[in-house]
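Think of it as A, B, C and D in the order they're written, each chain with its own count starting at 1.
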Amino acid sequence: MSLPILSIVLWLPALGALLLLLVPRGADELARRVALGVALATFVVSLALPLGYAPADLTGTRLAPELQFAEELAWLPTWGISYSIGLDGVSLWLVLLTTFLTPVVVLSTWDSVHKEVRNFQILLLLLTTAMMGVFVAQDLLLFYIFWEFTLIPMTFLIGIWGGENRIYAARKFFIYTFAGSVLMLLAIIGIYVLHRQALVAHDPNFVGSMNFSRIVSDLRSGNFTLETGIERMLFGAFFLAFAIKVPLWPFHTWLPDAHVEAPTAGSVVLAGVLLKLGGYGMIRYCITLFPEASRWAAPAIAILAIIGIVYGAIVAFAQTDMKKLVAYSSVSHMGFIVLGIFALNMEGVSGAVLQMINHGLSTGALFLIVGVLYERRHTRELEDYGGLWKIMPVYAAITLLVALSSAGLPGLNGFIGEFTIMQGAFLAPDLGWPFLGFAVLGVVLAAVYLFKMFQGVFMGELEPANAELKDLSRREIATLAILCVPIVLIGLYPAFIFNSMQVSVGEALDSLVLLAAGR
Amino acid sequence: MDTLIFIITAAIALIGAVAMVVARNAIHSALFLLLNFGAVAVLFLLLYSPFLFAIQLTVYAGAIMVLFLFVVMLLGAERIEDAPDQIAWQRPLGIGLGVVLMLVAMATALRASAFAPPPGGEALATFGDPAALAALLFTHYLLPFQITGIILLVAVIGVVVLNQRGRHRSEEAGREDARTRRREDARR
Amino acid sequence: MVPTAYYILLSAALFAIGVLGVLVRRNALVVFMSVELMLNAANLAFVAFARERLSVDGQVLVFFVITVAAAEVAVGLALLVAIFRSKRTADVDEVSVLKG
Amino acid sequence: MLTWLIWFIPLLPFVGFLLNLFVIRQERQAGMLASATVVASFVLALVATVLLAGLPEAERRVQSMAWEWIATGSLSVPFAIMFDPLTAVMVLLVTGVGALIHIYSIGYMHGDPRVVRYFAYLNLFVTMMLFLVMANNLLLLFLGWEGVGLCSFLLIGFWFERKEAAAAAVKAFVVNRIGDAAFILAMLAVFSNFGTLNFYGMEINGRWVPGFLERMPEIFGLRFGPDWQPIAIATGISFLLLIGATGKSAQLPLFVWLPDAMAGPTPVSALIHAATMVTAGVYMMARTEQLFAASPATQSWVVWIGTFTAFIAATAAIAQWDIKRVLAYSTVSQLGFMVAACGMGAYAAAIFHLLTHGIFKALLFLGSGSVIHGTHETQDMRKMGGLRTAMPTTFWTYMVGAAALAGVVPLAGFWSKDEILAHAAAYGYWPQLAILFLTSLLTAFYMGRQVALIFYGEQRDNHYHPHESGQTMRVPLIILAIGAIVAGFMNIPTLFSGMPAAHLLTDWLQPVLHEEAGKFNLVVAILATAGAVGMGYLGWWAYTSNAAKVKVGGLDPAYRYTGDIWDGMQEAWYVDLAYNRMVVAPFRSFSATLANVFDKQGIDGMVNGVGRVFTWAATEVRMLQNGYVRTYALVFTMGAVLVLSFMLFVTR
């Protein structure tokens, strides 16, 4: 590709952030418009990616995963570290999700952010670049740098514009995730060193390489083998960092605090994309690099995922604060995604990827919806609301649609993802009925707590306090409608995502296939 | 014959050291330290280094000990140990550690140095004289020599500056320090 | 001739006594003297080894040690005087303003 | 021609839904549009059925795929519908009764502020039901399955201001969801064992994909062979499907939501909770009949669940005071009949009863709606009485419906119920036959009681003066009444040799259900009719003779004889209460403790605990620096000693 589209898409938001620096501090309206312009521009440019994306045929398991829009620049040649980015079926749609959500998030700041708007937008755009960086980075170190870089803006977003004890939430969020990812850094260095040692034996002037596809091809071609003990340790380190980010069951306690304190826009980005970094990482780094360890750890992780699903749902039911309820629902949904990933087969992983996109859309919309009420009544407690269906019909209709998509009503996007994941988990050799029993229980509980929220807010008597709440403004309708379109579209026609994903998911699982073939 | 002299002086040195530590009165400990320095000077002689014998006596015994006595007299600090020891566990632990250190040091000494008598021979004659020492001092060790010079200069300037600030401090500062001390006591 | 080991043993003993003095005594001056004693013990060891190796370097080093010790005593005592003037005491424990 | 025509049947109501939702604001137009779309789709259904009948018997199945819905890995599910005899019959019922109910609703819901939205929901419901019935694979059937569940939530909770309506709506959705969970598991099992979710084979982009029902013999060929495993699969799958059906068709374990669902508007109860949605479970069992046939264990479960549900619901219906709750329990009971029939293998009889029941139960519900409408929203029968003079049409149509339900000879109810009982007798299900017979007697009794309480005696509460309902409500009643009379002749057994139109329905369903017609059993017929008439009269006589004893808000005259049993019957044997106490309350407290105790203190405590450990350690170390010079010296010497000893002992 002559024109480096991917780099443009990646760095456009960052450039936008720089542009915003020129805007005077006080000019909130201008800052919002510029930010929206940049976000929309990024989305439009990123549309070129799926159009230009030509999934290669699936014949034969090539050694290295096949990349589109690959770009490579020497960065630290002495150690073989390069700025190499590329796109494959899985990351394509996650990048699209990011660029799709960012304008929606910026649009939602019109009502929810009133102080320091310029800085808020700058952080938001930087965060977008960081997130996209994680999805496109093909170099381990570059991946790690972007991974850490996502933490900084998010922590400030929560820390400065958050709720009452935002400092506690921001600090907890930062330290918790950072602790996990530091382990990952160790693992990255470990791989790099092992890889270099293994290959120096072959050609002495080999200077080591952080390039992901290079390492994977060496792994598969056999001239770089990991001894099982080491492989499991490295797998553990990577997995821990991603498990904290996902968040998987025992590591989830930072999520409710972060969500409750984060501003609406922050919550949407956090739930919409940041949680997917963990999931994406698992697919790209855990399964592809350490197939044997993934096979070994899969049942244990599936158990954690199942606990996460049921536990998240039950705890969500008990919440009185709407945002906490949606936060725990995210824990439950992400449990599904991890279950899908560690089913280690085509249906499971592609279902997980689709579910990641679905979760981004529906939970993002849910947070926007909670934000709408929060902007009007400045309270998130369920008791304060009731009978809003009468005075806010449009709002109720959209909330119902999004709640149903999140609960997994067939015909909407949630169900497709969940069904494929469950199908994958059912077909997986070591996951069977018991796992599915609980997963389905999670689906039922999802309906329970979402309808508890719906009933609490929209049905029953209309208290005088809520009597004069006005329905959604045109901008709010626009924001939510943008999210509702893909929710219904993916529900009825998910093929356009599945088809382009087949090749890459296949390649991600190739290592397992090779393993099974006893290479 | 030498061993006899060595044993006597060593004993004197040890007694002097112990007495210095144990003595209640600061002046007595200063004088015992003087005795110790004298004994060590004699040992230097035994080790064929007359120059150091002279230096030891003049600089250490003469200058430093005199300075000490002067300061003790100036401050009148002979009798300040009668107050009970603030930190109860300081004394026993200190003694214990000192003994352990002595044993370890001696053990290292035994293992490290040779027991055989030191080599004699004709080189011994010219060994200790100041000329050879001076030759080495001004050729090989010229740089350290200059640096020690500078150190001494700095020391002198330091002493002058310290005392200057001391003089300007008014009575009020003294009282204020006393108050902080009382508050600290209360807090401890 | 007296074997060097005796000297080193003596030096170790003197050094240990010096340490004892530093640890146990609360009078700043006595502590100072103990430090001087420790330095002296070190000098003795130097000279003993110089004698054994028949190399004058040892003695030169002792010479430097003595000069530095002198400078140190000068500054130390000046400090002591300054502290005594403001705190009216030379007890080591009183001086604990720099508490962590 | 048929392949594209059948797509319009579900799409027309969907268009109606979209228009009502986004475009139409005016009540009159909404009503007309909604009814028009359903009537149009009814006409289309008729045309399609006629065309289908034209095809030779062997190829009476038309399937058409719009696009490939899910295609990842080995999982490939087409978005496709089909039209075969069974579907035709169901579609006709849904659209036919649905159209009448839409017209009836125009009158009934007149003046409601949100009536446009009501018609939108109604149209959405019909669309979803049609998808359910016409789906050619389990997943699309499941889409319809949950879609109707959603619409029942929306319609039950239509008057959401009322606390009990909101609670009933959520309860209905959640209980259905429990059944649907089992349905999902069944689908997963079907796919992993058969590789496809399609019922019958079909062309998907070029290659012929066999349906799982066709591969049944291949997998279960060795049905009675030594290999026990296939039968285990069939039992597992069919049992899960059974749980799904009990959820949707309100059978024993999961029937608690149907009586509460009466909180919704009456036409909704008529359409959803009598005629169409609740029959989905029976339809699904009929459709996947081979699966159930392959596992005798599940068959017996099905029969017993059906029989017990029928009996218990009948007992509960007797003791109700709310006019609609009587009919609700009656529906549960009649569904029990159909499920029992399926269990006995008499699928054709079940479908026949489903159709007739759909007609006369809708008639009864609409009749009760007209009564409620006439008596200004009173639903308590104790406040009614003597309404036959004030509402003649409603009275006569209600009588026809009641008689049909009770099973009086010429009417539809008799033929369909009798066929079930005859089948039970013919195949030796004696215990079930006895209970079902007893249930039919109870049915006659509570219908007699209801008719007596509403229409006979004199008006007990005269805060209102009853009036007959308007034209748009009476016409559907009359049509349905005629239907209740005529419907029986769809499937008359061969009374005498050479009878012309015997067993029309069974022959029509032959290509799908492969059943021969059962023989007519005279003894059962006579007994059933005598019982029906007798018990009906007894019920009517009991409540007209001591009509005086019935006080507004008072106890039932029979309470004196029965006491606690009567309370038990009224509360449907406290099943709902048991669920609340043993499932809902513990779940609520468990989730509260899990959230507040385990999550907040437990895991979060551990995380913050790590933080606290470090801060504590930091303060401890800080204490060490206490400012005393001698302590520093001490530490210093300790270090020296350690180094020395290390040098001494370690580095030999």
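By definition in this document, a contact is a pair of C-beta atoms (placed from the backbone, for glycine too) under 8 Å apart; a residue touches a chain by one contact, two chains touch by 3 or more.
Keep in mind that this is a model prediction, so the values were computed, not measured.
Chemist: Find the most central chain, measuring centrality by the gap between its CA centroid and the centroid of all protein CA atoms shown.
Modeler: Smallest offset from the overall C-alpha mean is found for A.
Chemist: Rounded to a whole Å, what is the gap between the Cα centroids of chain B and chain D?
Modeler: Once rounded, the distance between the two centres reads 102 Å.
Chemist: Could you tell me the distance, in whole angstrom, between the mean C-alpha positions of chain A and chain B?
Modeler: Chain centres of chain A and chain B, defined by C-alpha means, are spaced 71 Å apart.
Chemist: Roughly how far is chain B from chain C, going centre to centre by Cα mean, in whole Å?
Modeler: 4
Chemist: So, what's the distance in Å between the C-alpha centres of chain C and chain A?
Modeler: 67
Chemist: Could you pull out the residues of chain D that touch at least 2 other chains?
Modeler: 628, 630, 634, 637
Chemist: At which residue positions does chain B touch at least two other chains?
Modeler: 86-87, 90, 93-94, 97-98, 101, 105, 108 - these are the residues of chain B that touch more than one other chain.
Chemist: Which parts of chain C, given as residue numbers and ranges, touch two or more other chains?
Modeler: 19, 23, 26, 93, 96-97
Chemist: Sort out which chains touch which and give me every pair.
Modeler: Inter-chain contacts occur between A-D, B-C, B-D, C-D.
Chemist: Within their complex, state which residues of chain C touch chain D.
Modeler: Where chain C meets chain D, its residues are 19, 22-23, 26, 92-93, 95-100.
Chemist: Touching chain A in the complex: which residues of chain D?
Modeler: 67-75, 79, 117, 139, 142-143, 145-147, 150, 153, 157, 160-161, 163, 165-167, 169-170, 173-174, 177-178, 180-182, 184-185, 187-189, 191-192, 587-588, 590-592, 594-596, 599, 603-604, 607-608, 611
Chemist: Across the complex, what residues on chain D touch chain B?
Modeler: Against chain B, chain D makes touches at 628, 630-631, 634, 637-638, 640-641, 644-645, 647-648.
Chemist: Okay, in this complex, where on chain B does chain D touch?
Modeler: Going by the criterion above, the answer is residues 86-87, 90, 93-94, 97-98, 100-101, 104-105, 107-108, 111.
Chemist: Name, in rising order, each residue of chain B that touches chain C in their complex.
Modeler: 2-3, 6, 10, 13-14, 17-18, 20-21, 23, 26, 29-30, 33, 36-37, 40, 43-44, 46-49, 51-52, 55-56, 59-60, 63-64, 67-68, 71-72, 74-75, 77, 80-81, 83, 85-87, 90-91, 93-95, 97-99, 101-102, 105-106, 108-110, 112-120, 123-124, 127-128, 132-133, 136-137, 140-141, 144-145, 148, 151-152, 154-156, 158-159, 162-163, 165-166, 169, 173-174, 177-178, 180-181, 184
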